[in-house]
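Each structure below is given as structure tokens.
You will see chain A twice below: alongside chain B first, and alongside chain C after that.
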Partner chain A sequence: MSTGTTKLDVVVSDVVPVNDLVTRFHFRRRDGELLPTFSGGAHVVVEMRDGERTRLNPYSLMGSPLDTREYTISVRRDDVGRGGSLFMHRSVKPGLEMVISYPVNLFSLDLRAKKHLMLAGGIGITPFMAQTAQLAGEGGNFELHYTCRTASLGTYADLLRERYGRRVRLYHDDLEERIDLDRLLSSQPLGTHLYVCGPAGMINWVRDRAAALGWPQETVHYEHFAAPQPGLPFDVRLAVSGKTIRVGSQQSLLEAIEAAGVDPPYLCRGGVCGQCETNVISCDGKFIHNDHWLSEEEHRSGRKIMPCVSRFEGRSLVLER
Partner chain B sequence: MGITFRKETFRDDFTFRNSPEHIRRFPFPFHEDSYMYAVNIEPHVVGPKGSVLENLIDVDEHYVAEMQDRALVLAEDPLRCQSLPHMTLAGWDLLELLMEQQALGYPEHFTLKRDGDRWRWINRPLGIDDTFTFGDTSTLPYGPMEYITRQSQGDFCILDQRDGNLWMDAGMVTTQADWSLDFDIGMNFFEWHAPVPLAHEKGIFVRALKFLTNIQQGKPARRLNWTMTINPRLDTSPENYHKWGPDRATVTPENVGDKVHLRVELQSFWRLPRSNGIVFPIRCYLIKMDELVTQPKWARRLHRVIRDLPEELATYKGLTRYRSTLVEWLSKLDDGSATSQGFGPD
Partner chain C sequence: MAAKTIISRPIYGTLSPQAGKHHLFVADAEGALAIKDMAARAPAGFFDGAEIVFIAGPDGKYVAALEALEPAQLHIAPSFASLLPRLKQTLTNAHMGLRLYLAGTEGLIGQAMQVALEAGIDHTSMQTEHRGSLARRMQCVHCKGITENVTTQPATCSHCGLLLLVRDHYSRRLAAFQGVCINAEDRSEIPPMEEIFR
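Now for the complex of A and B:
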């Protein structure tokens, strides 16, 4: 399968339930060698052989970049999602041989920052686990604000408090604790960079407030891998390969293209990296764009689509694939 | 069997030469009888034995002499090596890459022993045997980038990746074709390429940047670039233009074969793992016309390429002063017969 990265043959070395929703998975190389070094914020794409189906989901690496004997990811169970997280929770046991991609970082630290201000929501904590470990090892200046639903669902909150003490602030939804965002953003020293990872609503809120308060765009970093959304089935003609395919309601367009034996490049499978950008040759219907890659103008033009997360409803769609 | 390192100079008496084996391994950059820019980037994978691609970081018979020349340049002008404060981690990435690759390709000359953070580096050609703590700059005589690039052939630019662009934020540049790190430091990809003619109109830099920002760890890429240099001078920097610029007026029909050199850059691009930066080694290979034309195919092809080169490119590459003399000299070696496909000699 063509992708932007090299593959790693790994074995699941441990599976650790963290709380009611989140389970941590540990991977080691099958040949016993060290895994590639990575930088905080990097993700890997995990290949899941689920019966006839291959699922490819990106997960942030959450271990310390200083220790490459194993990689760790944390997966939040999504009972109404398309099944990748359920597969991980139900079928992945210690000893299982899996294939993962080399690490790719689309959410890296800006090492010029005088201070790194991090805002995490829920499972969005995972890239910050690696970034804080990296910064702490280098004596970096960071502060982490972490919002979770309840204390018991505050994945790794205790660990982070233990490691970094007052540099970590916790906010619990059930206790109606809220980040005083405007105050926080208004009181940062010059040269601070802002990082946010969490639900789309949180990312948008933080980006909007930062912009309103005059933060330069290049100091605001966010990671939001959109999971492909289910939708109505639709048919697509692939002009280059001469195939007509049907995209199932639980399938992404990219997955359907791959199932037909056509392999567009990809890195993130979440509408961020831009690798699978595809030209539209003709269409009669409407697009449901879910990516963060194309500009609004490109979305309106109807001439491009990101097949990893976006869908189509209508009579006909012809793509340059 | 190790490499026999030549004793030679790249200045003053210019004793630099290629051995017959090194002539045949020269990375001749023209696969056809004409030249125009293209995004000629390909995966940087190991190539045939006996070629400059036999190892991903090439060490050749000029290694020791090039490192001596670099030390001379740095003694005169320390600003040829610069690293902005946020680039130290990338410097460690580069140190690891170059030590690993050189030890892997040339175990008779280089040895790297790693015990956690305690590393021992043995460089036999330069008589170095150092033990240091990886990540602790105080345990090395220079910063990590300067330390290892004083022991590695070629220039090195380390690019920080942010805001969808690449930034020239560190480098060791002493064997350059008329550009200056001190001038370009801190610039982004479009800024430092601004002087290049024609390529902007073709949208080449937009596509090249998109490609480079997507370079992945473990999957380096490469391209060849070329120009010409009078005398085998590695350091043709703008800072030293007064030393080498006038050389271009010294070419005569009698000395073309000895003075005019084809200068080829093997440029590669690697993702750095800890810093998420990109390192861009620019490895310079020189060959004088007398050596190059020992391969008749190269003589015929080079004649046609230089003769038909668009005027803007000839000017940008600084060929104008001696182009007609060179073309006239090469024309005598071109019988008009066809040249075979590909780069290599027949």
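Now for the complex of A and C:
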């Protein structure tokens, strides 16, 4: 059960290949009405019905929040993932009826900021597409620094340059262009807020440097949806519902709990929001924590797990669920 | 020490050295001792990047204690009003990496915080430590006038003369506690006035 969200019945109105790895999907409501209002940084969870399997993956909304006739997401193809992005790329065509969640924003702009400094890496550009559109409409002060592997994989880089000119700065890995991060962070006016979305390594680097250079943590915002990682199958006892389940190698623990007919709360399904936090009653083995929600101390304690992205290896695991 | 009564009533912490490139201290009276105490816990060279703005009071007490910390800049001011243009100028030209530390009376902390909020610093990002008097800066909710250094309950508005109950309800935007007429039904009813905010 997704907490606080209701489902939206949508139809795929367009599918647009953007480059070798990224495809954009447009959704409209089946009843022709406007979609719910959202703010830049919001995501939706897309239900993918793939034969027997249902996957639920979060994607940032990348259209302008000023236009709710349609929602757009961009999906980067991951050939070694669990298949959600491949399903989107191969099986989702215009006219397909799908179900998505209401938008939820765990990466919103702090509109008290005097300036918004945005750092994107790769497909992490998508929430900034919506945020820049929102700020540009309100005359907001922003600056976007976007790192991509090559110019041809710089998803929407041309569009952003065209829209915002010098407010967008591009860095290409293949040309060995790097952000001079310390200099960038040290030259921002007081009242700037920092937003970072990209690979985990980039987020950690930016957060570490910002903290060392005296950026208060309230001014540093980040989002990284961890995709559930495949792994070894394992068995779990659900103490409250009295069931024993097996988590398949390509399945997340949350998906396995749902497949057994138990309906735990969830929101982002990416280890970010904290809704699906579950207490561990007992365990004999080791956890593979992949979330950004629990503290390191909680990870070490072995008493909590985020079933949307984390796994277990060992002899026995009993959860309070 | 201020106790939490209602959610808007500010509570203050203990100054602690933060990571950062520049450190700006604003203090009055015994607030100097909070800075001195913090200095004992600060890493070597911390005050090389520090500026202290201090309202010393007529006796100039504690100035020597601050000089001994050898901050990059020490500015002694006769009153908050007189240091305000300098504080605003410093914050306007500042970059991210500046950390703010406020120490001393509630009135000083609140008014410096008010300026810093306008400059874009979140109140939770500021270090605060209360030292010295508990006297309150109060706004009369009726005439909107501010009365400084209120020590009694109830208190008389220095603008309109109404007798006001000094509430714990605090406004960060105004840097003042709210004072509400205590005998609006019957002005002849005069509750006893006690000195409680010393």
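Basically, the second predicted complex is superposed on the first by the 317 of 321 C-alpha atoms of A that agree within 3 Å, B and C clash if a C-alpha of one lies under 4 Å from a C-alpha of the other, contacts with A are read in each partner's own complex, and residues count from 1 in each chain.
Keep this in mind: contacts are C-beta pairs under 8 Å (C-beta built on N, C-alpha and C of every residue); 3 or more make two chains touch, one makes a residue touch a chain.
Keep in mind that what you see is a predicted model, and the values were worked out from it rather than measured.
J.: Which partner does A:A211 contact after superposing on A: first (chain B), second (chain C), both, neither?
T.: Touch status of A:A211: second partner only.
J.: Identify which of chain B and chain C touches the larger number of residues of chain A.
T.: B
J.: Output check: A:P65 vs chain B and chain C. Expected answer is one of first, second, both, neither. What do you get?
T.: Only chain B; A:P65 stays clear of chain C.
J.: If we overlay the two complexes on their shared chain A, which of chain B and chain C does A:G191 touch? Say first, second, both or neither.
T.: The answer is second: A:G191 touches chain C but not chain B.
J.: Once the shared chain is lined up, is A:S295 touching chain B (first), chain C (second), both, or neither of them?
T.: A:S295: touches no partner chain.
J.: Which partner does A:Q275 contact after superposing on A: first (chain B), second (chain C), both, neither?
T.: Touch partner of A:Q275: chain B, not chain C.
J.: Which partner chains sit in contact with A:P36 here, chain B, chain C, both or neither? Use first/second/both/neither.
T.: The answer is first: A:P36 touches chain B but not chain C.
J.: Would you sort A:R112 into first (chain B), second (chain C), both or neither based on which partner it touches?
T.: Both partners, chain B and chain C.
J.: Go through chain A and flag every residue that touches chain B in one model and chain C in the other.
T.: Residues 112, 218 of chain A touch both chain B and chain C.
J.: Sort out for me which residues of chain C touch chain A in the complex.
T.: Residues in contact with chain A: 18-22, 91-92, 94-99, 119-122, 124-125.
J.: Given the complex with chain A, which residues does chain B contribute to the contact?
T.: 84-87, 89, 93, 96, 160-163, 210, 214, 216-219, 273-276
J.: Touching residues of chain A toward chain C in the complex: what are they?
T.: 112-114, 185-192, 211-216, 218-219
J.: In the complex formed with chain B, which residues of chain A make contact?
T.: Interface residues on the chain A side: 4-6, 36-39, 41-42, 65, 102-105, 108, 110-112, 134, 138, 218, 267, 273-275.
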